[in-house]
Each structure stands twice: as C-alpha cells, then as structure tokens.
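In the two complexes that follow, chain A is the common piece, with chain B as its partner first and chain C second.
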Partner chain A sequence: MFPELTGYLFPNDVHIAWSLMIVMYPYVTGLVAGAFIVSSLYHVFGREELKPLGRFALAASFCFLLVAMLPLLNHLGHPERGINIIVTPNFNSAMAGFGFLFTSYFIIVLLELWFVFRADIVRYATTSRGAARRFYAILSLGVYDGSAEAVALDKRITRVLAAIGIPMACLLHGYVGFLFGALKANPWWSTPLMPVIFLFSAVVSGIAMLILLYQLAMKLKGTTTDREAVASLARWLWLFMIMSLTLEVLEIMTLGYERAEEWEVISHLLTHQLSISFISIQMVLGGLIPFILLMLVVVMGRFMHDRIHNTLASVSSLLLLLQVLAMRWNVVIGGQMFSKSMRGFRETYVPGLFEKEGVLAAVAIFTLPFVLLLIFERVLPTFDHLRRGPPDDDGLD
Partner chain B sequence: MRTDHPLWHAKHIVRMGLLLLLGVTVMIVVRSLLVPDTWGQYGWYRGANVEEQRDHPLQHGGDASCAGCHPEQEATHAAGAHAAVRCELCHAPVALHAKDDAYFAAMPVRRTAALCVSCHQRLAARPADFPQIRPQEHVAEMGGEYGPEACFDCHDPHAPL
Partner chain C sequence: MNDATGTRDGLDDATRREFLKRLAVAGAAASFGAIGLILPESAGALATSDYDWTRHRWVYLIDTRKCIGCGACVRACRVENDVPDGMYRTWVERYHIPAGGEAAVDSPDGGAGGFLPVAGAAEPGKAFFVPKICNHCEQTPCTQVCPVGASYSTRDGVVLVDAERCIGCGYCVQACPYGSRYLDPRTHTAEKCTWCYHRLVKGRSTACVGICPTAARMIGDRENPDDPINEILATQRILVLQPELLTKPQCFYLGLDMEVR
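And now, the complex of A and B:
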C-alpha cells in the first residue's frame, strides 16, 4: 500500500505532518535574526565599516519579520485560529513563547526603525506634497523636530533599542530551535545544542543574505559597492559559519560516539534518506566549499581585485544560504523520516509543486520579503543618508 | 529658560510613548473581547464547550439498537467470532438509518474485501495474537480465487468462523 514505508512504523509515523512550510519558518526567522545582528554590529558595537549597511540590514530584518509568520499560518488548517496563541497562551506549551517573543521583538524593531529614520521622515514630511506629505506627517506623529538635539536623542534611543534587540533576536531564534530541541521523543531533535545550532546558522544565513542583497541593491542603484563593507561581512560570515558548522558536526559526533540506541536510526538516516541533503549539501557543498572560499577572501582578500573579492564572497554566501536551508530541511523533515519505534523508516518525502504547502507556496512566501524591501526602499530610502554626507557628529546614525 | 536641553526635544518620544500605551490598551481591550466568557472554567479551554459536546445528539446506539429490527443478524453475530465487533463499525451509526423505532434511510452494506482487510491485514504494529492475514496469500492457501468480494465466498461477516 505504501511502498515508501519500511519496517515497524506506528500509524502516526506515516504522514509528514510538519511540511515544507515548517522548513521555511525557521529559515525566514533565521534571516530576521541574522540581519538584525548585522545592523546591531553597527548600531551598538559601532563597526564603522558596516555603516553603509546599518539601515539596510534593519529594514531587511523588518521585511523578513513581516512574513515570518506566513508559513505557519499557511500550515494551519485554520489560520484564523493562529491568533489564539497570543490571546490565550498556554504556558505548558513551548509554542506559547512565540506570542511573547514575536510580539516584543516586533515592537522593538518597529521602534528602532522609527528612531533611525525619524529625521528622514521629518524631512520628507516637510519637503514632499499631497498624499505623500500627509503619509510622512502621520509617520512623524506630527512632531517635526529635526534639530541636532532631537536627532542626538534618537541616536541614543536607537542604541538602547538595538542593544535590547540583540538578546531578543537571539531568544526569538533560539526559541525556534528550542521547539525542536525540547521534543524528547525524537532523538534527532532532542538535544540542548539545538537552539544554539539554530542561532548560529541563523546569523550565517542573515549575513550571507545581506552580502547578496547589499551588492544587488548597489547594482540596482548603479553605485559601487563598498568593498570594506563586503570584506567585513565576509569576515563575520566566516567566523559564524565556522562556529555553526562545528556545532553541527559536533552534534553528529556526539551521537555517533555515544552509540546509544538511536544511532541505529540516525546513522541510517544520514547515509540514506538524508545522504544528499546532509552530507553533500549541508556538509560539503554548503559547508566545506564556502569555508575554503571565505578563507581565501579573508586571508588573501587584500591581494584580490574588487571584482574577484566580491564574487567569491557572493558565491560563498549563496552556498551558505543553501546550506542553512538544507540544515532546516534535514532537521525538520529528517526528524519525521523514521518511526518512534526506532525500527521503521519513511524512504522519501517530496513536497508537491502545487500543494497548499508545496514548493510554489514556499517560493511565493519567500519572494514576499524582497518585494516588501523594495517598497520599503521606496518609502524610506536606506542608503540616501550616506550620499548626503555627514552632519554626523558622533559617527552613528 | 534653556531650550537647548535635550528634554525640550523629547516631544516626539512622548508621542511615541503615548502611542505605545494606546497600543497596549487596544491589545488588552481586544483580548478581553476575544477570550470567551467561560474560558478557564475547568482548564485550558472554553467551559461552555463541555455542555455543547454533551448536547450533541447521539449517533451510535450500540448493537442493542439494531436487535429489535434485525433479530436474525443479531443472533448470528452474538454467537460468532465477531461478537466483539460492533454492528455500527461495519455499517454506519443508527442515527443515519432509523429514528424513534422507525426506518427512514438505507444502511450501507460494504460487501468488500477492503472492509475485512482494513482490520485483518498483517501488520507488524498489530498485536501478535490478533488474527491477521496477507489477503492474496490467504485466499490462495484456502483454495479460493482472489477478488473484491473474495472473503464472502467462505466467511459470513456476522460470524466469520
């Protein structure tokens, strides 16, 4: 009846309940957290070389945040009931954390955006006309104070918000890993390392995405990319990918060395069902290769022509984005490919193209943040302040 | 008065604070509207739901509900190997068929091997002492010919052995 099933399966092991959408959810949330951390490297830690990206990264984080919930809602049979997790959170359920973390993080990002862009908003509100003028007036909350003192206050608040935002972003994404790590019935998920692995790979995907988006944005604007910014991002990317990959390998090594009863299924999983997505993609194509490429960029970048430097960084970023996607897939889908009996397997899972939770839906959802980012850029340009040059006294804005 | 003190330029911050306060108030109001009255009465659910569930009309009547009108089948069934399997499992709830001791709609009759196989297919997950077969092999072993109604050549569904 089910040729894709072998061995001893319980009836509830047959269906892959957590579909492609549940792969997309941690992927998109990871990009949120990663992009935010890049923006904080500038806004909190004052990494001057990342100044060209400070605002852009924040805007990108916000746009990904706006769609982060969509995969979950699409997954629910009754999306209109999704709000219940916020209205009546059950503290016995790990999921309840979502409402609090998501909402508070959302508010923090929104506030930080407002304070970062407020001076611009005020300027647009006073210089534009018609509907645009009214729109910016509303955004400015009717206070047109663009004085140096007010802007200095904004900067101070921005820094505080960004500082609060870092632990919030870490919690938000660590919590997504916790959802898996805390499921003790599933040996492929149940490890305290899970939140940490999720967090590090989130930062990896966020930085990689920004390396690509930043260069794309500069292309679209017809300006040159700031090589120092790309170089700095590449350095951070290398650091975080090393940590992320090490953790991922360590987890498998621990499982393999302990050789507890679950190794039986997990080793089979890794060498059969997940051989391509884990070994080939997550470890080699998306792990080892970008590790080497980024090493070249970081160690020998000085001797490289801009073009080569940025291309190598972009290729590594692309591969790492794929790596993180594969990692999410291996965790989420991999964890459902074997039976809780530890004696049965599902051989394959291929999401349909046109299913409600299929490939097309995933692509559509994943396109949305980029469209939102384009709109955001229209409403509040994230690079203009750089060209205007500095009335920029303390270096941060 | 000094107007270059930073606090003179905090008007927008006050407005944002008020807006946040408004947001929180709206959230509290909306929440109180969304949470049902009897929420939490017994546990993490709507208390009134218990009564709603209880007030659902009964669909199943058990074997006794059939006995009055189908004494023959009831007798065969009670004496056979399927005595432990309820009539309504293989047929349908009595509420779809008879009401107030009067027949009103046909009862489904599933004269198919698929019905039997849904319980008797050999599966590793079934208790070992439950009678299980591999349908094709079983029919061949017993000298029959497999088909969608094969089981009924040799077994009476009401008393299969």
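And now, the complex of A and C:
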C-alpha cells in the first residue's frame, strides 16, 4: 500500500502530513523577508548604489507577502477555520504567533508602500483622467499635499517604518524556522540553529531573486541594467550565502561529531534519502559553485565586461534560489522521511502533479507573485527613470 | 447428566423443561451482553450528569509480559472509534531480538490481524509484544503546539481533539514523539486515542482494555484509592516511553525492553 518503506515505522508515520505546500510556505516567506532587507539597505542604511531598486524591492516583497499565506491555506484541512489562529489563538503554540507577526508585518509594509509611493500617487491622481483618476484618488486616501515639506516628511516616516520593518521581517521568518526548530519530537528539526539558518537563507533567496528580477525588468523595459546595483547585490549575496552555508554545514558537523542517538538516523537520511537534494544540490550545486562564482564576481568583477559580470551574478542567483528551495525541501520533507520509531525510513517522496497540494498547485501559487508584480508595476511604476508623467523633482524614492 | 440428576431429585418433566428454557434464555442474554461489550457506544452522548471530571485522574498500564499479540485490542478500537484504514489509535509491535543481534520489529496492519511466525524465531534470543497507545502525556507537546486550542487536556487527564475546532494543520501530528496522531482523511482533522472517553464518563472501561484476553492492558483512576492500578504503580518497577523528552506520559509499562521507544 505504501511505497518503499524500510525498517519499522510507527504505523501512523507512513503518511506525509506536511506536503509540498509546507515547502513552499517558508520559501515564499523567505523571499518576502529577503526582498524587504534589500529595500531597507537603501531606505534605512542609505546604500545609494541600491537606489535604482529600493522601491522595486519593496514592491516585490509586498507581492510575495500577498501570496505567502496561500500555501498554508491550501494545506489546511479546514481553511475556513484558519482565521481562528488570530481570533482564538492558543498562546502556548508557536504557530499562533503567525497571526500577529504576519498581520503586523503586513501593516508595516503597506504603510511603507504608501509613504514611498505617495508623491507618485498624488501626481497620478491629479494628472490622469476618468476611472484612473478616481482609482488614484482612492489610493491617495484624500491626501493631495505634494509640497516639498510633505514629501520630506514622507521620506522620514519611510525610514522609520523600514527600520521597524527589519526586525519584523526577521521575526516573521525566524518564526518559521522556530516552528521546526522547537519540536523536540523530531531530531532533524529540533535545533536552536534552525531559525537562524532559515533567516540567512531567506535573505539569500531574496537578494538572488532581486538580482534576477531587476535584470529581467530592465530587459523588459528595454533599458540597460545598472552595473553598480548588480555588483552591490552580488556582494551582499556572497556575504549572506557564506553565512547561510556555514551555519548549514556547522549544524551537520555538530550532529555528526556529537554522535548522539539521532545521528544514526540523520547520517542515513543524508546519505540515502537526501543524498541528491542535500549533498548534490544544497551543498555542491547550490552552495559551493555559486560561492566560487560570486567570489569571482566580487573579487575579479572590475576586470569583467558588464555582460560577463551580470551573467555570472545571474547564474549564481539562479543556483542559490535552487539551493534555498532544496534546503526547505530537505528540512520539511526530510524530517518526514524517517519514523519517530528511529528504526524505519520512507525511501522516496514524490508529490503528485494534480493533487490538491501537488506540483501544479505549487507552480500556480508561485507564479502569482510575479503576475502581481507586473500589475503593481503598471499601477505604480517603481523604477525612477521610467516613472510616468513629468520628470519628478520631489527627490523621493 | 441433567437427566440423571433430574430424575434422582424427583423433578418432573415440566419443571425440567422450564429450567432448560430459562437456561437457554439466560445463555442468549449472556452472549448478547458479551457482544454488547464490544459494540460501539454512541460517541455523541458524552458525560452523564453525575460524572465529575475533577474527581478522576485516569492512567493506563500495559504489562508487556502478558501481551500475546492477538490484536483484538486493535480490532476493538477500530470498531469502537471508527478508525479509518491505515490509521491507528492503538497498535501492537512485535520485537524479535536474537542473542547478540539486531532487533527486528514489525507491526503488520498495526497487529490487527495478529502475527504470522517469523523466520528464525527458533533462534535463541528474546521476543515479545508491546501494545502502543496515546500516552496522554501530562506535559504534552501536541496540545502545546495546537494554534487554535482544538487539542486539549481534560481535568481528568485525557488528551482530546475538538474536531469542530481543529483546522487540520498537522502540527500536533509532527509534535507527538510517539506517532499517536493522524489526520483523518474523511474529516481532515487530527484524530487520536481518547481512552474511549465516551465510555469512561459512563463508568465503563476502554474498548481495548475490555477486550484484552490476558489483561495486559489496564486503565485506572488515580483518585480512587481502591483501584488496583494504584497498588501496581506504587509497588512495581514501571517505565514510560521516551522519558528523556519529559512529556510525563500517563501510560505506564511493566516489563519494557530498552529497544522499545
């Protein structure tokens, strides 16, 4: 009845309770947090070289955020009761923190978006006609003050919101790692390193996604990419991937060196069930190779032609996006490939194509943020030199 | 022999016929009663008005040395609690540990159909059965993680799930170190052993305890000093599963082997 079981599994452990959707959830949330950090590098820390995509990063974070809850809802046996996590939470449950973290982070991002784009909204509301005018009028919330002082105030508020948003984004994603790390029943999950690993890999995936999206957006708009922006992102990416990978390796090394009871199970897991997704993809293809490529970009970048420079950064980004996805898979699915009897394994898990929580549903959910981003870009263009209307002199970004 | 005694005592035929008739009726009633023991109680009808959950504290005891692996408990549980195929609220594990060798463990269909002989069973070593059930832990990780409080502990020490509140996230399934929980594919909610709470509150035993032919399973009330379970717990050497996790299981074992977790 069940595929490839070896050894003895507790009879209820042959089922995979957390499917592909629970792999998707931390992946998308990670992109939210990562993109937000990039936008904050400009808005809070004033990294001027990231100015071209400060607003774009925020918009991207918002679009991923809109979708972040969908995998969870699709996973729940009773999505109609999902709201109870917020309405009647059990405060002892780590999962109950979700409602508060998600809601407060959502509000912060929404507010920051409004202040960042307010001057644009006001301009569109006053220069466009018909339905568009009414639409932007609603977005402006009736505030039409486009004076220099008002815009300067917007900028100050933006900086404060972005600053509050950083710990919020870290909490939102650290919390996802905590969900796994704080389960003593599962030795593959239960480590205090888990939230930290999740956080760093989130930033990695966010930066990598922005390197790709930014270049793609520029290509679609028919303009050239800002080399300095890509170079800066690549440097940050290298730094965060080094930290992320180091933590991932350290965790395994500690487990292996301690040779505690769980190592018997985990060493088997790593060399059998997860040999491809962990060793080949998470460590080598998505870890070691982009590490070397990014080192070239960062150290030798100034000797490179733009095209080579950006291509190397893009390839690394693509591989790192794969690496983070593999890491989520290895945690979520890997943790269910062995039984809590500690003497039985499931050999493979292949999600179905058409099932409710299958591959197609995952692809559909993952496509959505990009569609949303396209729409967002049409409603509120994020790139400075591509903004509609008269060239702005508000100095707001 | 009836005949002989009947004539010897001078009973007439009519009296004898009447006696046999009554015997038959009583026999039929008794066998119906026995069936009644394993017929499902209506799960809808819960606590009777005179049940006070502050005056009970339920604990469970499994004597692995008495279990013969017949699987009647698994079957009884299935009938009593309408457990879906492939899911288990209780199951029986068989351990076969050849001298100096690796333990072989199995539990085909949770042991519901009993166990067929294994190859090498005649080799020197040890073999035994271990019935498993939800441990109804005092410090239970499963209710701790439930985001909506659908999973909870009753005052009398039973861990239950409110199927009308459960959102089916599966977090409790992941949090249970003993594999006691499952997501019911029909209701999409978490389900588990309830110690037949619907029977306990009516003063009846659980289905698995009631059916066990060797009394390997016992359920008892810590608040009742006359309950024989208290003397066993007080005087025998008992163990719980995975004590290092500090979940404080309320299901105790006699004769547990170190290979069992």
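As a convention for this text, the second predicted complex is superposed on the first by the 381 of 397 C-alpha atoms of A that agree within 3 Å, B and C clash if a C-alpha of one lies under 4 Å from a C-alpha of the other, contacts with A are read in each partner's own complex, and residues count from 1 in each chain.
The rule is simple: a residue touches a chain if its C-beta (ideal position, glycine included) is under 8 Å from a C-beta of that chain, and two chains touch if they have at least 3 such contacts.
Predicted, not measured: the structure shown is a model, and the values here were computed from it.
With chain A as the common reference, the superposed partners chain B and chain C clash. With both complexes placed on chain A, chain A has more residues touched by C than by the other of chain B and chain C. Contacts of A:F106 after superposition: neither chain B nor chain C is touched. Of the two partner chains placed by superposition, only chain C is touched by A:H15; chain B is not. By the touch criterion stated above, A:Y124 is placed in contact with neither chain B nor chain C. In the superposed model, A:A150 makes contact with chain B only, not with chain C. Contacts of A:N90 after superposition on the shared chain: both chain B and chain C are touched. By the touch criterion defined above, A:G77 reaches chain C but does not reach chain B.
By the touch criterion defined above, A:G142 reaches chain B but does not reach chain C.
Comparing which residues of chain A touch chain B with which touch chain C, the overlap comprises 7-8, 10-11, 88, 90, 92. Note for the complex: chain C touches chain A at residues 86-88, 91, 93, 103-107, 109-110, 132, 141, 143-149, 165-171, 173-183, 187-189, 245, 261.
Listing the residues of chain A that touch chain B in their complex gives 7-11, 83, 87-88, 90, 92, 107, 111, 114, 118, 140-143, 145, 147, 149-150, 152-153, 157, 344.
By the touch criterion given at the top, residues 4-6, 8-13, 15-16, 19-20, 31, 34-35, 39, 44, 124-125 of chain B touch chain A in their complex. Touching chain C in their complex are the following residues of chain A: 1, 7-8, 10-15, 17-18, 72, 75-79, 81-82, 84-85, 88-90, 92-96, 98, 179, 183-186, 335-336, 339-343.
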